[in-house]
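In what follows, chain A forms one complex with chain B and a second complex with chain C.
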Partner chain A sequence: MALMLKSKDKTVSTKTKEKAVSNERIKPKRYSIERKEARWGFVFTIPCLVFFAIFAFYPIIYAFITSLTDRRAISRTWSFSGLENYIYIFTKDNGGFPLSNSIRATLVFTLGTFIPMIIISLIVAVFLMQLRKNRQRAFFQFVYYTPAVLSSVVAATIWMILFDPRGLVNQFSNFVLGTSGVDYNWLVNSTMLQISTMLVYFWKYIGYFVILFITGLAAIPPTIYEAATVDGASRWKSFWRITLPLLKPTTVMVSIMAMLQCLKTFSTQYMFHQGGAARRPIDVITMNIYFTGIRNGRLGRACAMSIVLFCIMLILSYLQLAFTRSAEEVEY
Partner chain B sequence: MKKFLVILMALSLMVTSVFANGNKEDKPITIEFWTHEDANRQLLEDRYIKEFQDMHPNVKINVTRQAATSMIELVQTAFAAGSGPTVFNLSINDEYPLIAAGRVAPVDYAAIGYKDAAELEAAYMDGMLAPVTYEGDIYGLPLELTNWAIFINKKVFRDAGLDPEKDYPKTWEEMADISEKIAIRDGDILIRRGFDFRYPYYLEAFVPMVEQLGGALFSEDGTEAIVGEDAWVKFLTFMQEWGPNGRNLGSPTYTNARSLFNKDNNDIAMANTGLYQEARIKNDNIDFYNSGEWMVVPFPVFEDAVNDVAACYYGHYYMVNADADAATQEMAWEFIQYMLSHGEEYLETVQIIQPTKALMESDTYKNMPYSDVFTQDFARAHIVYHAENSTEVNALIRAAVEAVMLQNVEPKKAYQDLKKAVQELIDEG
Partner chain C sequence: MQKFVGKVRISEILIWIFLIILTAFVVIPILFMVVASFMDAKQILAMPFSWIPSKKYFTSADRTFFTNFVKAIRGNNNQGTFPRNVLNSLIVALSCAATTVILASLCGYGLAKFKFRGRNFVFISIMATMMIPFEAIMIPLYMVTQGFHMINTYWGLIVPFMVSAFGVFQMRQYLLTFPSEYLDAARVDGLGEFRIFWRIVFPNCTPVIATLGILSFRNQWDNLLWPLLVAQSETMKTIPQYITKFAEEKLTDEGAMMAVAFLASIPMFILFFSLSRYFLGGAAVYESRKG
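Right, the complex of A and B next:
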C-alpha cells in the first residue's frame, strides 16, 4: 500500500514537473507580438468604451432607475414607486394612448417596412452589380443613397407636401389608376396613413441598405461565379446557389440593422401627426414615449416604456441571430 | 503697527469681497430669453434688448426663438434637465403646471415699479392676472391676451354669389352651409374651402362650441370629466359632418386656413384667428390689407345654443425661472417690464394686446380695424382651461375629433372613449 502511494506520489510529482516544464515552454507566448498588439488594441478601444459607457450604458441604467420612480418633468422631487409604472402601462389606457396600441403600430410598421426593404434592396444591389460600367453603377448608387443623407424631419416634411390632398401623390395615383379627383386619403384613412409612413421610410433608407448589400456582393470572389459558369450554371441558378448563401452574413447584419431602425422610428410619425394626421394609427412606441415624457411630463412612465422597447429590440435581435446562427460559418 | 494695519486692511478687503452681494449694476448677468417666433414682434424686441443692454452694460441677453408649437416641449425638457431659460413665455395652459410645481418665480413688484400685487392688478383689466395668480402671488406678466374671431375674405364671398356684409355666418350651421356654397372641388379634393378650423387648439376654439350646447369639460366640483353627453355627441357629429367622411368641407390634413388667408389666393374664405392677424396680413400682403376686401365677424354659436360663448381667450405670459439667482431674477423682471412698457408699440406694430387698462382704453386700440368685434367677443368669452393636465386634455379632445373626422368613428363611441380617458386623468390626480 505504502509502495503504491509512493509510486502514485512519484507519478503526481512527475506530472507536476512536466506541467511546470510545459508552462515554462508556454510562458514566452504571454509576451508574444500578438498579445502586445492586442493590448494596444484594447488601449485604443478605451475611448470608444468610455464614450459608449457615458452615452449608451449610463442612459439605459438611468432610464431603468427612473422607470421605477414617479418622476415628472417639472417637479423637483420624486419617489420610488417600484413596478407601478410597468403595471400601469400594461393595464391602463395611458390617457387614451395605450402601450398595447403602440406595440401594434410599431410591429405593423416594422414588418411592413423592413421585410420589403431587405428584399428590394437586395434585388436593386444585384441589379447594380450587373452593370458593367462603373460610372453607371456609381450614378445609381448616388441616386438611391441621396435620400439617406436628408434629415428625417426634412424627408417627412417633403412627403407631407406630396401627400397633401392637392399634392403630387394624389395626382400621380389618379393618373396611374385612371381616376379623376379621387382623394386617396394618404393622411386620413388609418390604413393609408400607415402605408404613407412606411413609404417615406422605405424611400429614405433603401439606398443605405443597397450600399451595404453591394459591399457584401463585392466581397464574393468572382472565381466562384467563373467556375459555376464553366460548369454550365445559369445566372438564376448562380444567384440562388452562390450569391444568396454567400451573402448570408450581410443579409443577417442588414436585416438586424433594418429591424432595429424600424423599431426606433419616430420622426416621420411625429411630423405627420404635427401636420394634422391622426395619432392612434401611427402611435409607435417611440412617439408614445415622447408624448408621455416630454409633452405630458411623465418621465417615470415614459422610461418604463423605453425599457419595454429596449427589451423588445433585444429579444427580436436575439431571435434573429439564433435563427441565422449558421451564417457565421460561411467561408469563401 | 504698520504691519498690523496693512494685514487688517487686506483682511477687511477680503471680507468685503467675499460677503458683499455687489451692486446689481456691476455683477455680470446673463439672461437666457426664450420666446416664440413672430417676425413683427422680433423686430421690436430685438430693439428693446439692445436698448436694455445699453442701459445695463453688465447684462447680456441671449434670445432664442422657436415655433410656438415647439416651445412647450423645449421649455419642459430644459426644466427637466435643470437648465430652463431665465425668461420665457408660453400659452397659459402650458405655463400653469410650472407655477404649480414651483419652477417659476413670483413677480418682483419693486423691480417693475409697483408697490404690491394689488397695485399691479389694478393696472390690468379685471381678472387678467388671475390665471397666473397662485396662493396670493402673481407669477407672470401678459405679453398678449388673445381671443379669436372670424376673418372673412369678401372677394371669395362675392365670387360664390354671397354678400359678405349680410350673409356672413352667425351660427355653426350657417358656417357649414356657406362653406358648402363657397367650396370648389376637383372630385373629392377641395380646391377652395369656405372655412376651416384651427385644429391643434381644441381647448381654445372647440370646447366653447361644446359649452354653447350646454356641455362642459368638467363638472363644477371637478370630479366628473366631459360633462353633458348630448352636447359632446352633437359637437362630435358636427365635426364628423365637416370632415372628409361627411360633407367634406375641411380637414386637419389640409394646409391651415390662417396661413392661406393672408395670401388671398382664392383658396380660403374664412379663418379663425386673433387681432394679430391684421399685422400679419399687412406684413405678408400689404395690397390685400389696404384693399378693404377683408372683414372680421364674431365667433358663431349653434342654432340651439343654450350659452352664448365665444372662443376662449388665452394669454402668453412672460415668466422668470425660479432657479435663477436673486440678482438675475430682479434684472429679468426689470427687463420684462421694460419690454412691456411699450404696450402701444406692440399693439401698433404686432397688434397684440397687453390687457392694461391704459391700453384697452387708448385711442390706438379703439382705432384698430375691428377691435370692437374682439372687445365684444372678450365679453362673451372666458379664459382657456389651464391646469396641470391641460396639455393632456387638449391631446385627448384632439384624438376624439380626429377619430370622428378622419377614422369615421361613431361620435358616441368617440365621446365614451374621451370621457373614459379624461376621467382617468383626473382620477389619477
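Right, the complex of A and C next:
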C-alpha cells in the first residue's frame, strides 16, 4: 500500500515537472491562448455532447440491453433471457401481428412510395426548370410544398374522408374509369389500403422532393446546355445525356433519404388504423413497436424490434454515405 | 424553323398540362378540407360533390356553417380540452425551436471556430446520432424519461427534442464561412467569449436560425408518436393526439373532423404563408449536406 502511494506521488511529481519544463519551452502567452481556446471550445460543445449522450447513445445501448431481457411494463423484476426476444419476434406471430408481416408492410410501403415519388418529382423538377419565368417556378414550388406543412395526422384525416365509399376519390375513379357507382374499397381491401397509405405519403411529400431536385438541377451550369444546343442536341437528348448523368449524385442521395423517411412512417398508418382500417396490411415496424411496447407492455420484445429497425436503417445509411462519397467525384 | 417553334410550343403545352394536373392533385384535398369544414356530413358525402357549402343539406334546423367548429372545439363529451391542447402544442413546438436554435448554434460555433483536442471525435459522434432514428430508441427513451420522472410533463415532451444533430451540422457548416477576423477584433476589444457569441455570432446566423427554428417547430407540431408515449392525461395531450382521439369517436361526423383538421392547420398555414422563403430554403438545405 505504502509502495503504491509512493509510486503515485512519484508520477505526480514527474508530471508537474514535465509541465513546468514545457511551460518554459513554449512561450507562456501562446500556450495560454491555445489552452483558453480549447477550454472555450469545450464549454460551447459540452451541452450538446451531454444531450446526445443521454438522449441518443444511452438509449440505443439501453435498447440493446433491454432487448436481451424479458422486461415488461407492469412488473418491476426482470431477468436476462439471451436472444429469446429475437427468436420470438422472428418465429412467433406476436398475437397475430408478427414482425415478418411488419417488415413486409414496411418494405412494400417504402418501395411503393419512394420509387414513384423520386421518378415523378424528378420529372416535375425538370419540367419546372423549363418554365420561362422564375415567378412561375416559384409559384409551383410554393403550391407543391403546401401539403408538407400540414401535419401527417391532418393529411391522413383528410384522405380518410376522401377515401370514404361515397367520397371524392371513388367519384373521381368512377368518372375516369367510366364506371358508375363502383366502390373501390380504398380502406377495406388490403391491397387498396396499402395503396391508400402510399398515396397520402406521396401527396404530402412530393413538393419537398421536387425542391430537393430543383436545388440539384440549379447547380448544373447552363453553359453546358448552351454548348449542347450549339452542337445540335435536342432537348430530349440533352436530358438523357447531360441532366441525368450530372444529377446522379442528387438522385442517389435524395432517393436514399426518401427511403429512410419512408421506413420511419407511423402517423398515417396509425391514423388509418384508429379510423377503423385493418391493422395487419399496414402494420409497419414502428406501429408494431408502439403496440408491442406501449399497448401490450412487452418492452423487451419492442426493443428487439427497435434494434432490427435500427440495423435496417444503419445499413441504408451506410449505403447513403458510400454513395455520397462516390457521388462527390462528379464535376460539372 | 417554323416547325421547330411549333414543336417547342407543343412540348411546353404538355408541360403546363402536367404541372396543372399535379397542382389540382395537391390543392384539391386542402381545398376540400377548408370547404368541408363548413358543410354538413350529408353534403360532404353527396353524389356528385358540390364545392359550395349549402344550407339545404343541413340535417337539423339549428345548424349554422360554424357548427362544425363549435363541435371541434368542444371535443368529445364536451371536455373542452382543445384550447389547452393547442397551447401545449405551441409551448412544446416553440420551446423546441428555441432550444434547438440556441444549443445548435453554441455547439456549431464551438466546432467551427475553436481548435481543441478531440474536436473531430465530438463532431463525428454528434453526426453519428443522425444514424439513430428516433423510432428505434423511443422505447428506451420512454424508460429514461420515466427515470427522470418526466412522464406527463412539458419537460418530458420537450427535453428529448431540444437539439438535433442536423441542426448542429447546419450551424457548423454555416459558421465555418464566418470570418474569424470579427471574432479576433472583438477579443482584442476585450469582449468575453459568451458576449462574442451572443452579440456577434448569434445575430449573424439569422438565415440558418430561421430555417432550423421553423424545421424544429414543424416537426414538433407534427409529432404524434412521442406525445402518444409521454402525454397521458387529457390536459397534457397535443394537437395531433387530440385529432386522433377526435377522429376515433366522431368518425361519422366528417364535417367536424375537417373542422378540427382545419383549425389545427391554421398556425402552420400562417407560418408558411408569411415565411415560405425559409420553408422552401429548409428543404433545400438538406441538399448542401454533402458540402
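Going forward, the second predicted complex is superposed on the first by the 265 of 332 C-alpha atoms of A that agree within 3 Å, B and C clash if a C-alpha of one lies under 4 Å from a C-alpha of the other, contacts with A are read in each partner's own complex, and residues count from 1 in each chain.
FYI, a contact is a pair of C-beta atoms (placed from the backbone, for glycine too) under 8 Å apart; a residue touches a chain by one contact, two chains touch by 3 or more.
The model shown is predicted, which means the values in this text are computed figures rather than measured ones.
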Give one word, clash or fit, describing how chain B and chain C relate on chain A after superposing. clash
Applying the document's definition of touch, where does A:D164 land relative to chain B and chain C: first, second, both, or neither? both
Looking at the overlay, does A:I294 come into contact with chain B only (first), chain C only (second), both, or neither? both
According to the stated criteria, A:I74 is in contact with first (chain B), second (chain C), both, or neither; which is it? first
Using the touch definition from the top, say if A:M271 reaches chain B (first), chain C (second), both or neither. second
Answer with first, second, both or neither: which of chain B and chain C does A:S190 touch in the superposed model? first
Taking the superposition on A as described, I'd like to know which of chain B and chain C A:S180 touches: first, second, both or neither. first
For A:Q141, using the defined touch cut-off, is the partner it touches chain B, chain C, both, or neither? Pick first, second, both or neither. second
Once the shared chain is lined up, is A:F323 touching chain B (first), chain C (second), both, or neither of them? neither
Partner, of chain C and chain B, that touches more residues belonging to chain A: C
After superposition on chain A, the stretch of chain B among 44-52, 62-70 or 314-322 that runs into chain C is 62-70
Residues of chain A that lie at the interface with chain B and also at the interface with chain C: 164, 166, 274-276, 294, 299
Chain A contacts chain B in the complex at 72-76, 92-93, 95-97, 163-166, 170, 179-183, 185, 187-190, 274-281, 291, 294-297, 299
What residues on chain C touch chain A, complex-wise? 11-12, 15, 18-19, 22-23, 25-30, 32-33, 36, 44-49, 103-104, 106-107, 109-111, 114-117, 119, 122, 125-126, 129-144, 159-160, 162-163, 165, 168, 193, 197, 218, 221-222, 224-225, 228-229, 239-240, 243-244, 247-248, 251, 254, 257-258, 260-261, 264-265, 268-269, 271-272, 276, 279-280, 283-284, 286-287, 289-290
Which of the residues in chain A end up touching chain C in this complex? 34, 37-45, 47-49, 51-52, 54-60, 62-63, 66, 123-124, 127-128, 130-131, 140-155, 157-162, 164, 166-168, 171, 203, 206-208, 211-212, 214-216, 235, 249-250, 253, 257, 260, 263-264, 266-267, 270-271, 274-276, 285-286, 289-290, 293-294, 299, 302-303, 306-307, 309-310, 313-314, 317, 324, 327-328
In the complex with chain A, residue positions of chain B that touch it: 69, 72-73, 76-77, 79-80, 97-98, 101-103, 185-191, 199, 244, 251-255, 391-392, 395-396, 398-399, 402-403, 406-407, 417-418, 420-421, 424-425
